[in-house]
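A, B, C, D, E and F are the chain letters, set down in written order, and residue numbers restart from 1 in every chain.
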Amino acid sequence: MVTIVTESALERTLVAELESLGVRGFTITDARGKGSRGLRQSDWAQEGNIRVEVICDPAVADRIAARVREKFYDHYAMILFMQDVSVLRSDKF
Amino acid sequence: MSSLDPVILFFLLGACAGLAKAELRLPASIYDFVSTLLLLAIGLKGGVELARAGEGIPPVELAALLALGFGLPIPVFLVARYLGRLTRADAASLGAHYGSVSVGTFAVLIGHLAAQGIPYEARAPVWVVVLEVPAILAGIVLARGFGGDVAWKPLLRELLLGRSIVLLLGGLAIGWISGPDGTAAIQPLFFGLFKGILALFLLEMGLIAATQLGALKQNAVFLVLFGVLMPLFGATVGALLGRAIGLSPGGIFVLATLAASASYIAAPTAMRTAVPEANPALSLTASLAVTFPFNILVGIPIYHRLATLVASF
Amino acid sequence: MSSLDPVILFFLLGACAGLAKAELRLPASIYDFVSTLLLLAIGLKGGVELARAGEGIPPVELAALLALGFGLPIPVFLVARYLGRLTRADAASLGAHYGSVSVGTFAVLIGHLAAQGIPYEARAPVWVVVLEVPAILAGIVLARGFGGDVAWKPLLRELLLGRSIVLLLGGLAIGWISGPDGTAAIQPLFFGLFKGILALFLLEMGLIAATQLGALKQNAVFLVLFGVLMPLFGATVGALLGRAIGLSPGGIFVLATLAASASYIAAPTAMRTAVPEANPALSLTASLAVTFPFNILVGIPIYHRLATLVASF
Amino acid sequence: MSSLDPVILFFLLGACAGLAKAELRLPASIYDFVSTLLLLAIGLKGGVELARAGEGIPPVELAALLALGFGLPIPVFLVARYLGRLTRADAASLGAHYGSVSVGTFAVLIGHLAAQGIPYEARAPVWVVVLEVPAILAGIVLARGFGGDVAWKPLLRELLLGRSIVLLLGGLAIGWISGPDGTAAIQPLFFGLFKGILALFLLEMGLIAATQLGALKQNAVFLVLFGVLMPLFGATVGALLGRAIGLSPGGIFVLATLAASASYIAAPTAMRTAVPEANPALSLTASLAVTFPFNILVGIPIYHRLATLVASF
Amino acid sequence: MVTIVTESALERTLVAELESLGVRGFTITDARGKGSRGLRQSDWAQEGNIRVEVICDPAVADRIAARVREKFYDHYAMILFMQDVSVLRSDKF
Amino acid sequence: MVTIVTESALERTLVAELESLGVRGFTITDARGKGSRGLRQSDWAQEGNIRVEVICDPAVADRIAARVREKFYDHYAMILFMQDVSVLRSDKF
């Protein structure tokens, strides 16, 4: 599973990018946080973060990481991390 | 300037609470609710007045507005780039913000005009709509050049279908179609509560502006000077243009204030997508934490005198 | 049909914005706020009128309403199953949705009746309450049979304690106990702002309906035909029944509209739990994206004529 | 006691819905919106009245209020510790809650006073502000002793910059600066809708109180007795003190009710941080699920008679 | 830890089911997402997703997966995945 | 990655504590849940939970767990768990 925490404003763009990489599903929650680019509160919708989870096979995960690094990582508040998960009915993903 | 309008006091309350880090956060959904009501109310009001006056928009006026929108970012860019020594992207982003307009400032102005009984062109909300987008496009071109690697189509779509444009134009259309009688039953919410809703909106804006002020560390001197002087320059350009196309004194006042105002919603969002290497905190701090307070606290009365002066020639 | 009510224009604004995928999302909490206000206001208004009129509800009327609620799903089911060739679960789910009622449609109707000065039975909100649940139960039985594997007790509990029933009945009770004088101090919010709040509600409904329309791909022809013809059938049944139990012309109009309306809150939730193999998008699209717009845009004036006609016999 | 105020019926509706576990949850952001409006409205109203009356606050009154705030927790603590056999932390926490005040109760009282046309000191909202914090400090000292390991500075900061204090004082200041004429344009929202907003607030309070009642299992008998008798004791102390410092009959009524009321916002939050070993459910249940309903349903009329009696000596 | 993403409308039922399996605690956040059953936005409370996390021992986790698969998986928008976590004061769970 | 689920009221205190331990970033989402201290709904802002995620090296993670256990665990509704994650551009953390 790949998890990305980034600026809410990026939601549409990021989702389009994920889908172009063949991702079949994702889950998004609203979040706030702090990182190298300072505090990001959700008081004002524009300023909050989103937390995007994508369950996918390792190859797709690596493609996501590469694409995200190239396209977004330099200019946007963003982190990405990966975890192993075991899924129910893995044919779904 | 007479006595202070209470809605301005709400802004100050929010700003003080924000600076003191009081636990006063209002959820984002309240901001959405309140700003939706404001935008619809401004549109409706304009539409009802338009229906009453039977006015159209002269083509010359439209051309002048587009020229203002596309043109104002250029001096802003030059000042920021060469006096402020900002990067090209940052200077262009400031151009987009200051060339575009702030609907919040317009809402305060509308309240002020109504309170003082100053007449102005009913179609003024249309000016807001026309002025919002061109400066953002100009800012992107300033950053990227015409051939730049920009996905113009989705960007334009998103800009032209932005919240404020849709709600303002939607309100205008509904007000215009339904007229004063048709809208009578919805006036208690949209007109009767207008000033109260504006007060809540400014309370939130005060909180947000105060939070944003925290980002005012780097370039502080430049940003404060810029955030105060640029609106004065914009107001002068706006007032002269308004005079040139024959607006009423009230209309000149409105156009001066619009030119003086800086976007803090549409421009930040668009620049974030199209010119991501621009530092978003820089323009937003200037626009939200310096220019917005300056305009509603000090600027509007100044622009009023300026407009009266310009109109008298 | 005279001129278009501005609240309907708000619906169209929301629908256009939704179809154009404009960034106009309103947070779910605003929907909750606005719909809570509407439901309470409708209840209160009914309660105050009941207190003024001193009316009761004749047992015959109650029996007729229950017959309508339990009976209407049957023809809906048959049409969907055999003409529409839907699965049993899907046809039963449509039965539940179209047999039950839409409070949003009722709110638009209330606004319309007030604007046109048409008198009707003060107890009409009680009809909404009585009509909401039976059709859902009938729909479940149509899907499962009487012996079906359904956890009736928690289901009934949830249905009878649903949001709209609690708020409508609660408002009714408060309005009835407090009467016109007692409620005077809360009338500015619940009565004065009613149409404005309704406008906001319809703006949201337009957005939601437009989103739902995206699901209208499979069975599109059937769903559109069904979503337009079924309300006309329901309205006819409702009008005739209203005439039979001796309602006023206004009351016949109300009952026709209620019978024509389809649930998009209580029914979807209940069917999701009790008949999960039914495709939720199917009924919701028909009810929300076809029938709701049809009813408020075109249906209500038709049902008005229908009611006048039926009442004149 | 005449007829029941409809806002009280809204509380009962919420409480019944909560007890029946109806699906009536209102999102937290609506609670924030509604309570923000209430606090600002109460402050504004007080400020406008102060501007009209030109009143100041006598130092003796201030001293008396501080004495009440710091003193009232002591008997509460002793009763809870030795009669209720609670732990020191729990008893001190109850002291903080019952010594401090409930703005919700004050809002109901304000509505009641306006409805009955009872005059009272315009500066009453200031009493609320003054009474909120001292008891909480006293409660912490009762739990920890003076030398206790408490981070006083951030705690005091948070208490003095709490939501209710900032909004009440902010509203007061704005109302006082702008006066009756200046605030005219915002009165439709803050004054015209006051009772309606209060009704929504009490609907939510009913839901919350009912949920809290679920925690009333341990110490049930003690908590119910305590939650009913302690306000009667507090009211008596408040009424006598009000008489002693020469308040008007209406003012005595207000001070009695404030002393009878128990905090359910500021005190729980502060005790959670400063005395975490106190069981938060205990004090909150007593304050929210027993004393708040008791006060608004039964207490206020009793305190009215008590105040009239005390004033007549 | 078992994580389930499913329709908000299922919250009550799912919680009851979990408790009947002996689960002692859970954490729920509101979410939105996309999967095989299409987009699920949270604009309208009814249409959103919830994301339920349950920390429990592997045996309970397997029971949850089995129950969920049998009762909900066919008819509801739902995914389930498991991860290893190390908890503080494991006697709590 | 360390994840903490606890009372919303603790947000400020906990964040200050984390920062004093040298944490450079965190992500917070609002949550509700149930545990040994009963149901925590988010209907009323005061009563909800927050879910705090901190990506950090194992040493810091252990320090967080120790501090949290000592300062908060006894008196607050709280759980803490840890997972291994692999991050993009690990120099960020």
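What we mean here is this: contacts are C-beta pairs under 8 Å (C-beta built on N, C-alpha and C of every residue); 3 or more make two chains touch, one makes a residue touch a chain.
Worth saying up front: this structure is predicted, and the values here are computed from it rather than measured.
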If a chain touches subunit C and subunit E alike, it appears here: none
Type of subunit E:subunit F copy interface by residue overlap (half), same or different: different
Greatest separation from subunit B - chain, by CA centre: E
Most remote chain, CA-based centroid, reference being subunit D: A
Centroid spacing, where centroids are CA-atom means, of subunit C and subunit D in whole angstrom: 41
Whole-Å gap separating subunit C and subunit F, where each centre is the average of the chain's CA atoms: 45
Centre-of-Cα separation between subunit E and subunit A, whole angstrom: 20
Of all residues in subunit B, the ones touching two or more other chains: 26-29, 32-33, 188, 192-193
Per-residue multi-chain contacts in subunit A, two or more chains: 29-30, 83
Graph class of chain-chain contacts, one of line, ring, star, complete, other: other
Pairs of chains, among all present, that meet the touch criterion: A-B, A-E, A-F, B-C, B-D, C-D, C-E, D-F, E-F
Parts of subunit E lying in touch with subunit A, wherever the complex brings them together: 3, 5, 29-36, 49, 51, 65, 68-69, 73, 79-83
Of all residues in subunit A, those that touch subunit B in their complex: 7, 9-10, 13, 38, 41-46, 48, 72, 74-76
Contacting residues of subunit B [partner subunit D, same complex]: 3-7, 9-10, 13, 17, 20-24, 26-27, 29-30, 33, 111, 115, 188, 192-193, 195-197, 199-200
Contact footprint of subunit D on subunit C as seen in their complex: 27-29, 32-33, 36-37, 158, 161-163, 166-167, 170, 173-174, 177-178, 182-183, 185-190, 192-193
Touch list for subunit D against partner subunit F, complex: 25-28, 31-32, 207-208, 211, 215, 265, 268-269, 272-273, 276-277, 281
